[in-house]
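Working notes, structure below.
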Amino acid sequence: MTPQHNIKRGVSLYSYQYETFLRKMTLDDCIAHAASLGANGIEVVSEQSFTGFPNVPPEQIAGWFASLERHGAYAQCHDMFLDVKLYKDRKLNHGEMVASLQRDLRFAKAIGCRNVRVIVNTPPEVVVACVPLAEELDVRMGIEVHSPFHFDHPWILRYTELTRATGSNHVGYVPDMGMYIKNYPPVFRDRFLRLGATPKVVDYILEAHQARVLPDYVLMDVRKMGANPVDLQMAESLRHNIWSNPRRLLEFMPWIFNIHAKFYEIDDSGKEPSIPYDEIIAVLIEGGYDGHLSSEYEGQRHIEDAFEVDGREQVRRQQEMFKRLLGEA
Amino acid sequence: MTPQHNIKRGVSLYSYQYETFLRKMTLDDCIAHAASLGANGIEVVSEQSFTGFPNVPPEQIAGWFASLERHGAYAQCHDMFLDVKLYKDRKLNHGEMVASLQRDLRFAKAIGCRNVRVIVNTPPEVVVACVPLAEELDVRMGIEVHSPFHFDHPWILRYTELTRATGSNHVGYVPDMGMYIKNYPPVFRDRFLRLGATPKVVDYILEAHQARVLPDYVLMDVRKMGANPVDLQMAESLRHNIWSNPRRLLEFMPWIFNIHAKFYEIDDSGKEPSIPYDEIIAVLIEGGYDGHLSSEYEGQRHIEDAFEVDGREQVRRQQEMFKRLLGEA
Amino acid sequence: MYDQHIIYPGSVKNTADGWQLGARLPYYRGQILSAVEDIALTVDGVKVPRENVRFTVRGKTRTLDEVEATYDERWEFGEVAEVSVLQPGGLSAGAHTVTAAVQLRISYLPWSPVTTCTIDTTITA
Amino acid sequence: MYDQHIIYPGSVKNTADGWQLGARLPYYRGQILSAVEDIALTVDGVKVPRENVRFTVRGKTRTLDEVEATYDERWEFGEVAEVSVLQPGGLSAGAHTVTAAVQLRISYLPWSPVTTCTIDTTITA
């Protein structure tokens, strides 16, 4: 028996990016597929799904709403970027960054999203400066807590300190489950092997990952083993794909607006071999999370060199897993 | 008004290592100095303060107890090492590591210490295997949670998982306050400048540290600025001297047996400029910590190239600060 | 990512003043042109001079230096841009190996990743 | 750490079959000898062959290879070991620059740090 909860299901259209890139799926196809799984909360990387951002042609916006309505879905989250390096010779200044995020808040409102995923490189001061507009629009800003960051990383600690000081409930988090890499993802391993990683070194890295050895040390050990460049890349991947404790979500629950249900693969047994969604969902239920689990398939980049990408099948499998874990059976 | 608490003061003789190395202080001098400050809980790096470890001549052990008694002090903690790389061509196996830690448990008992600082590279399985002996001897094993590790680091998460599963109260933590580097230590900065760091790069690193930028990124940025090897060393130091949240101590309080009150400098104003002891001690009081704050002076290595080391004065200043923060005025 | 899809299949062909190919952005979202630091082309191991390369989206053609100074136009996600080379006579008839390496300045990364695509193609006389 | 204190002040002197110096371990605790991977000596820029170096603590003299194979003896914290060099005639009279570089295998570090001390000394005839 799954305890009662208010967790909703959704899909980030990022999951269908490969098919979208190759023009095998339209925006309407993406929305239709998500909705067909009962995952009606739609998250969109607007610079991927629309053109001309931020001046998206009105026909596209109208088409977006028409698709949502046709399929019984709704807009959940707009994924925002901050082009700090727009200019080659200088970074955006504070005012320009604030203007950029404000633009995204207005865009999110225009496409019906109550949540904005704020990309993790956004300085907390910029987010804080946008709180008044976010409250005015009733759009919530959630920093994407994305590996190698985690709730206890100095960068996020500082974000928490500055944003909680505002007292606003329109500023918080969009945690990306890629920070809960409990087991090394098989699709990463297999790709490194295809690229020429040394099997003996690969085994060493997998063991070190299980033993939670400091990645700096693994890198040095692997160098001593005579690692080739691919081996080193694999060792480096430990730095950027961290394991942390899903229970740390609990402290921040009131300000978690959306969850990037990142996954690299749902295998034939219906499980994500690297990210423990059973543990994660138990914590979310315990904490009374009432936002979305938004499917974010990112396996395509690890298999595209050797396999056909099938975002739809992968999303379907993850949503089946969610239904099971959420007691929707 | 400081709330009531049971926090005790002590000194790790590590703090007087420079004077001990140069034979300017004897073991008795060290104990006498700590006790003169009311810091009666003595922590000892046995391989520093005794000879012939683990076969320390009985006269030395007798001298240790005599000194403690003479000065009204007592043995608090033995700092243990694990020589995993004793042999050049292979690492110690599990059995050898267990034997090594058991040897240290018996040694701690022999010198009257109820706590053992377990060095952080010790595999959790080894600690778990030693639980029965620790309980039998009533000696407690605390892993030194030492920067760049912290309570939420995968290595420590795994330790917690495996050791809590034992249910034993003889296994826990000795957190080292060097994981709370809130401000970049001035003695680090000044030493890098003396060694030839570029002032402009140094400023950049200090700003990046304040902004809590990912050290990997600082390193890359600094390389682009044309950093020299000393600049790179300084940027690397961000990786190994972390800031984390002292409030994370609360969850682990029942199993915190001792605290390494690491410090790099107490300045003329009586403060540690980099480690916020006011915040830390407030958390310890809140959590009902009842072990020792054990002074661990580590500034000597950062100033020895240019200044006279004075461990006694530094320990005295830190203990004065503790008295103030603990309400012993 | 999208490495193998940068050069649009069958798009390499000669033009009046050189040759061209269709190119897609190897990234998961559209980019402001200023972020495109380079599109390095190589034919049979010989680098095409950067100043001979032209980039066209939606009817407007730019040099790569002009691309870097364009802040109000995008290379959209999955969009096939025309990348052309000023080279009198174009490519000789026969088999060629063509490489396109796209360098992007990504705001949240401290380095500018380069993604490379190499294909074999045949120019018919 | 302890870099400047490795070579004991005033300890460089000629012996019957070469020369010697007093050396302290540049580390904050005593070490089992097997962890001492090297004590590299240089005089006026010329490296002393490793096989000519001897290490003596508490009356027992070992080659550096023997040091590495010794698991039951220590170089204690702050202890002055005798490091001697087999070199007929020893050092010539006059000024010399002597460097000692100690390489230790530290169990909790994935590399073996080397700590170096250089001093100027004068050998009297």
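Here the chain labels run A, B, C and D in written order, and each chain numbers its own residues starting at 1.
By our rule, a contact is a pair of C-beta atoms (placed from the backbone, for glycine too) under 8 Å apart; a residue touches a chain by one contact, two chains touch by 3 or more.
What you see is a predicted model; the values in this text were computed from it and never measured.
Chemist: Measuring centre to centre with C-alpha atoms, which chain is farthest from subunit B?
Modeler: The most remote chain is C.
Chemist: So the centre of each chain is just the mean of its C-alpha atoms; given that, what is the distance between subunit A and subunit C in Å?
Modeler: Computed value for the inter-centroid distance: 30 Å.
Chemist: Give, as an integer number of Å, the spacing between the C-alpha centres of subunit C and subunit B.
Modeler: Going by mean C-alpha positions, subunit B sits 56 Å from subunit C.
Chemist: Please tell me the distance, in whole Å, between the geometric centres of subunit C and subunit D computed from their C-alpha atoms.
Modeler: Distance between chain centres, rounded to whole Å: 61 Å.
Chemist: If you look at subunit B, which of its residues touch at least two other chains?
Modeler: 216
Chemist: Throw together a list of every chain pair that touches.
Modeler: A-B, A-C, A-D, B-C, B-D
Chemist: Report the residues of subunit B in contact with subunit C in the complex, numbered from low to high.
Modeler: 216-217, 220-221, 224
Chemist: So in the complex, which bits of subunit B are touching subunit A?
Modeler: Within the complex, subunit B touches subunit A at residues 123, 148-155, 157-158, 211-214, 216, 239, 242-245, 248.
Chemist: For a test of understanding, state which residues of subunit A touch subunit C in their complex under the given definition.
Modeler: 14, 17, 20-23, 45, 47-49, 51-53, 81-88, 119-121, 300-301, 304-305
Chemist: So in the complex, the part of subunit D that touches subunit A is made up of which residues?
Modeler: Within the complex, subunit D contacts subunit A at residues 110-111.
Chemist: In the complex of these two chains, what residues of subunit D are touching subunit B?
Modeler: 1-5, 24, 28-30, 32, 34-35, 37, 68, 71, 74, 76-79, 105-108
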